[in-house]
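Below, subunit A partners subunit B and then partners subunit C, in two separate complexes.
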Partner chain A sequence: MYIYDEFDRTFLQERVDEFRDQVKRRLDGELNEEEFKPLRLMNGVYLQLHAYMLRIAIPYGTLSSDQMRALAHVARRYDRGYGHFTTRQNIQFNWIKLEELPDAMADLARAGMHGLQTSGNCIRNTTTDQWANATPEEIEDPRLYAEIIRQWSTLHPEFTYLPRKFKIAITAAKHDRAAIRVHDIGLRLHRKDGVTGFEVIVGGGLGRTPFVGKTIREFLPRHDLLSYLEAILRTYNAGGRRDNIYKARIKIQVHEIGTEEFTRRVEAEWAQIKDGALALDDAAIDAIRAHFKEPDFEALTDGPAELEAAKTNPDFARWYANSVAPHRKGGHAIVTISLKPVGAPPGDATADQMDAVADLADQYAYGEIRVAHEQNLTLPHVRQKDLFTLWQALDAQGLATPNIGLISDIIACPGLDYCALANARSIPLAQDLTKRFADLDRIADIGRVHLNISGCINACGHHHVGHIGILGVEKQDQEFYQITLGGKANHKAKLGELLGPAVPENEVVNVVERILDTYVELRTSKQETFIAAVQRLGIEPFKERAYAAR
Partner chain B sequence: MTSPLQQKLKITGPTVITANRLTDGVVVWLTAESGWSDTLSRAAVVSTPDDALRLLGIANADENHAVGAYPARVTVADDGSLAPVNLRERIRVGGPTVALPGAAA
Partner chain C sequence: MPLVKNGKPVADAFVAVADEDTLPDAPVLVSATRLLAEGEALFARNHPVGVIWPNDKDVLLLEPFVDRLAVVALIFPKFRDGRAYSQARLLRERLGFKGELRATGNVLRDQFLLMVRCGFDALEIVKEGDVAAVEKEIHSYSVFYQPTGDGRPVPLRARLAAARGA
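So, the complex of A and B:
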């Protein structure tokens, strides 16, 4: 866990006081809406269909148990008893009253939380692998660099009014769980000749005009991280389009001037500043590292007797096989908590569930929790000997659905049920899909499938990179859904291909089922995953079957 | 269901002016008395662009009570009751179409 110091705490309190004054002046009529709107957005406050929505930053997806309890408190005290975890590792509350927002923010600030950098044309919350500092795959904890970026970007005077919002993601593992190639900047930590550095990927993104990012530097020594990011941001800030909101993201700039020219501009800018104040020395990196409190891991060995005995319970064994991953420390494991039970809105958790997860984190996981961009939670450091007891407790809270990575582990935006920008609903469709695919044996047989739903072209549900992507559109006041196949968000990121005409809402589940039936029929073996079959066969066989019965 | 804020003012039938209440974001409608109500049935109904623009002007001048005002189509039943025309407005009137997780605090 990163432990805030006095500077951070004072800063947050000052921002709360500032916002309290801004809200008061708005309610008193001293500020009009045009003046107030950018101020509330800078604090993560949106106005949605039915109410204000508060988006709270969860830097690099890491929460302490006390912070989770603070979220539960906000859900109960100021909202309607639940929150929605997002694809950017944040949480949103949907029913906050403007007049109560300053109090909610004060309560959050006491737990070191806030809504800064969750809205507006600034550098947003940097996201990373939810298995950071736990998985044996990674070369270093990427959150260290995410925190360095946070400190550099928060209140950065040059980058508070960028042409458009700006999202950075980092991974340090070979398997990319942070979708870095569909971010404005993706950073992949790796080693070259014994030196730690980054592959720098720029210009990825989803939304109206999706692109997979381009690598502009294969290796950037870690000491140059901030100066190089500054050079990229300056290049974007100077040349990014401000005349058209739909063409204002860096991906459009990179696309329009070309990767080569964009890289040339970045390198030229970097040459001017690389040895300046932003150069990171080991002392600076170590100072940040010192703020991350390493769990006091017990010395344990893999495969304790308690775990081996528990595996005779078939329900536990199923969950263990699905939701538990290896840890870098002997005798420990990574546990993913599904927020996708059958029939529930993906990513939602009640205040009681948040409190339960906080308590379980304290009891079994060194008090640490992560949020995954797939809208699930993770306990990154669980003692293997406690897995059975933990599973029982999670199951009692409806948090042990063994569907991680399977068809019912759906990413979905809030859609038209909440969002002012949406064209169609996402949640009811996700609910219907989880009901159709409720049979655990069946979904285990189908295997790994990522199904992502967005309620509009802004693509908060990452539909472009779903193995099956679903995009809600509106035709004459009716909901229709476009379906794409073959998208991937991992280290081999790819945008999905449109299957055919949009289908009406009441046919989507049947179409998805026919697509999956086609896969089961045509796969070479159970070892050939859905996405591998789509790559081998192309979309035609799926298209033929999907539309055949209509 | 394209966001009303992105639409041109096009009045093709009975229309009300809707917005969100400043203090809590609750959906409200402009009444015939130029006030705001959180009940659709109390909304003032107009049928011409000129009347809609006039009401919209009243609404926008009162942004210290309600924000983001725009015209929304409604149907008027024989008994005078009002109903929203499209799904977006139906959701604004009735709330999310899905059950909210857990019990309200």
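So, the complex of A and C:
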């Protein structure tokens, strides 16, 4: 865990005071809605269909048990008893009253939390691998650098009014769980000649013009991280388009002037500032490292008797096979907590569930919790010998659905139920899909499939990079959905291909089912995953069958 | 519009002059076009010269004049258009401009601090009521995370200094 010190606390308190003053001026009529809008957005406050929505930053998806309790408190005290975890590793509360916002924020600040830079045209919360510092795959904890970026980007005076919002993601593992190639900047930690540094990828993004990002530098030594980022942002701030909101993201600038010219501008700017005040050194990086408290890992070995005995319980064994991953420390494991039970909105958690997860984290997982961009939670450090007891407790809270990575582990945006921009609903569709695919044997047989739903072209549900992507469109005042196949968000990121004409709402679940039946029939063996089969076969066989029955 | 410099309301001694007009016998603010066209002739006069520089023009073009310009006025056409923040830092930190750096356009209180941190020392304020808020706004934070040309220590370094001192 990163421990905030007095600098961070002072800053947050000052920020809460500032916002309280701004809300007061809005309520007094001194600020009109247009003037208030960018100010509230800077604090994570959106105006949605029914109410103000508060988005809270969970920097790089890491939460302490106390912070989780603070979220539970806000859900209970200021909202309707639940919150919604998002694909940006944040949480949203959908029903907060403007007058109560400053109090909710003060309560959060006491736990070191805030809504800063979760909206507005600034550098947003940096996201990373939910398995950071736990997976054996990575070379270093990427959160160190995410924290360095957080500090540098917090209320950056030069980059608070960019052409458009700006998202940075970072990973240190081979297997990219942070979708770095579809962010404005993606950073991949790797090592060259014994030095740690980054591959720098720019101009990825989804939305109405999706792009996979381009690598503009294969290797950037870690000491140069901030100066290089500043050079990219300055290049974007000066040259990004401001005439059309749909063309204002950095991906359009990179596309229009070309990767080569963009890179040239960045490198030229960087040459001027690389040895300046932003240059990092080992002492600065180590000072940040010292703020991350390493859990007091018990010395344990893999496969304890308690675990082996528990595996004879078939329900536990199923969950274990599905939701538990290897840890870098012997005798430990990474546990993913599914927020996708059958029939519920993806990513929602009740205040009671949040409190329960906080308690379980304290008992079994060194008090640490992560939010995964798949809208699930993770306990990154669990003792293997405690897995069975943990599972029982999670199950009692409805938090042990063994569907991680399977068809019912759906990523969905809020859609028409909450969002003012939506064409179509996302949540009810996700709920219907989970009901159709409730049979655990069946979904385990189908295996790994990522299904993503967005209620409109803004792509908050990442539909372009879902193995199956579903996009809400409007047709003759009715909700229709476009379906894409073959998208991927990982290190081989790829955008999905359109299957065919849009499908009316009552047909979507059937079409998805026929696509999956086709896969099961045509796969060479169970080892060939859905996405591999789509790559081998192309979309034609799926298309034929998907529309055949209509 | 009220002008506040270094936190205090001041009278504006400069007259903005249109390109086709003859120069008055006073300190002037000319357009970028006029500065680049007439350059030396402007500085040969006995009055201070300032320039109004658009936010889509490279400020590094001002290099030949930085030591002689009394004022550079940068423009925020809308407060949401943040290009002049980068221009300000480049002028101060890259070109070492020491004269008055004036924020003009849609200059509102909630951006005062950002402007000051980027190197502006003069604010041409839109709303009369915001003038009194300058002092409060620019002192609303005591902690800053990133170094800009204003030379304040940031937590990353201050923590280290504290650790070394201890």
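Everything below uses one rule, namely that the second predicted complex is superposed on the first by the 550 of 550 C-alpha atoms of A that agree within 3 Å, B and C clash if a C-alpha of one lies under 4 Å from a C-alpha of the other, contacts with A are read in each partner's own complex, and residues count from 1 in each chain.
Just so we're on the same page, contacts are C-beta pairs under 8 Å (C-beta built on N, C-alpha and C of every residue); 3 or more make two chains touch, one makes a residue touch a chain.
The structure displayed is predicted, hence computed values, not measured ones.
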item: Superposed partners subunit B and subunit C on subunit A - clash or fit; value: fit
item: Subunit B versus subunit C as contact partner of A:Q363, first or second or both or neither; value: neither
item: First, second, both or neither for A:I288, with subunit B first and subunit C second; value: second
item: Vertex subunit A, arms to subunit B and subunit C (CA centres, degrees, nearest 10); value: 80
item: Which of subunit B and subunit C A:A238 touches, first, second, both or neither; value: second
item: Partner chain(s) touched by A:W152 [first = subunit B, second = subunit C, both, neither]; value: second
item: Which superposed partner A:A424 touches (first subunit B, second subunit C, both, neither); value: first
item: Touched partner set for A:N458, first subunit B, second subunit C, both or neither; value: neither
item: Partner chain in contact with A:T259 - subunit B first, subunit C second, else both or neither; value: neither
item: Subunit B and subunit C, minimum CA distance [Å, superposed model]; value: 19
item: Residues of subunit A that touch subunit B when the two form their complex; value: 26-27, 29, 32-33, 47-52, 75-77, 79-82, 96-99, 344-345, 348-353, 416-418, 420-421, 423-425, 427-428, 431, 474, 477, 479
item: Residues on subunit C engaged by subunit A in the complex (per definition of touch); value: 79-83, 85-86, 89, 94, 108, 110-111, 113-115, 117-118, 129, 140-148, 154-160, 163
item: Sites on subunit B touched by subunit A in the complex; value: 1-3, 20, 22-27, 63-64, 67-68, 85-88, 91-92, 95-98, 100-105
item: Touching residues on subunit A, where the partner in the complex is subunit C; value: 5, 7-8, 10-11, 14-15, 17-18, 22, 30, 35, 38-39, 121, 148, 151-162, 234, 237-238, 242, 272, 277-278, 283-284, 287-288
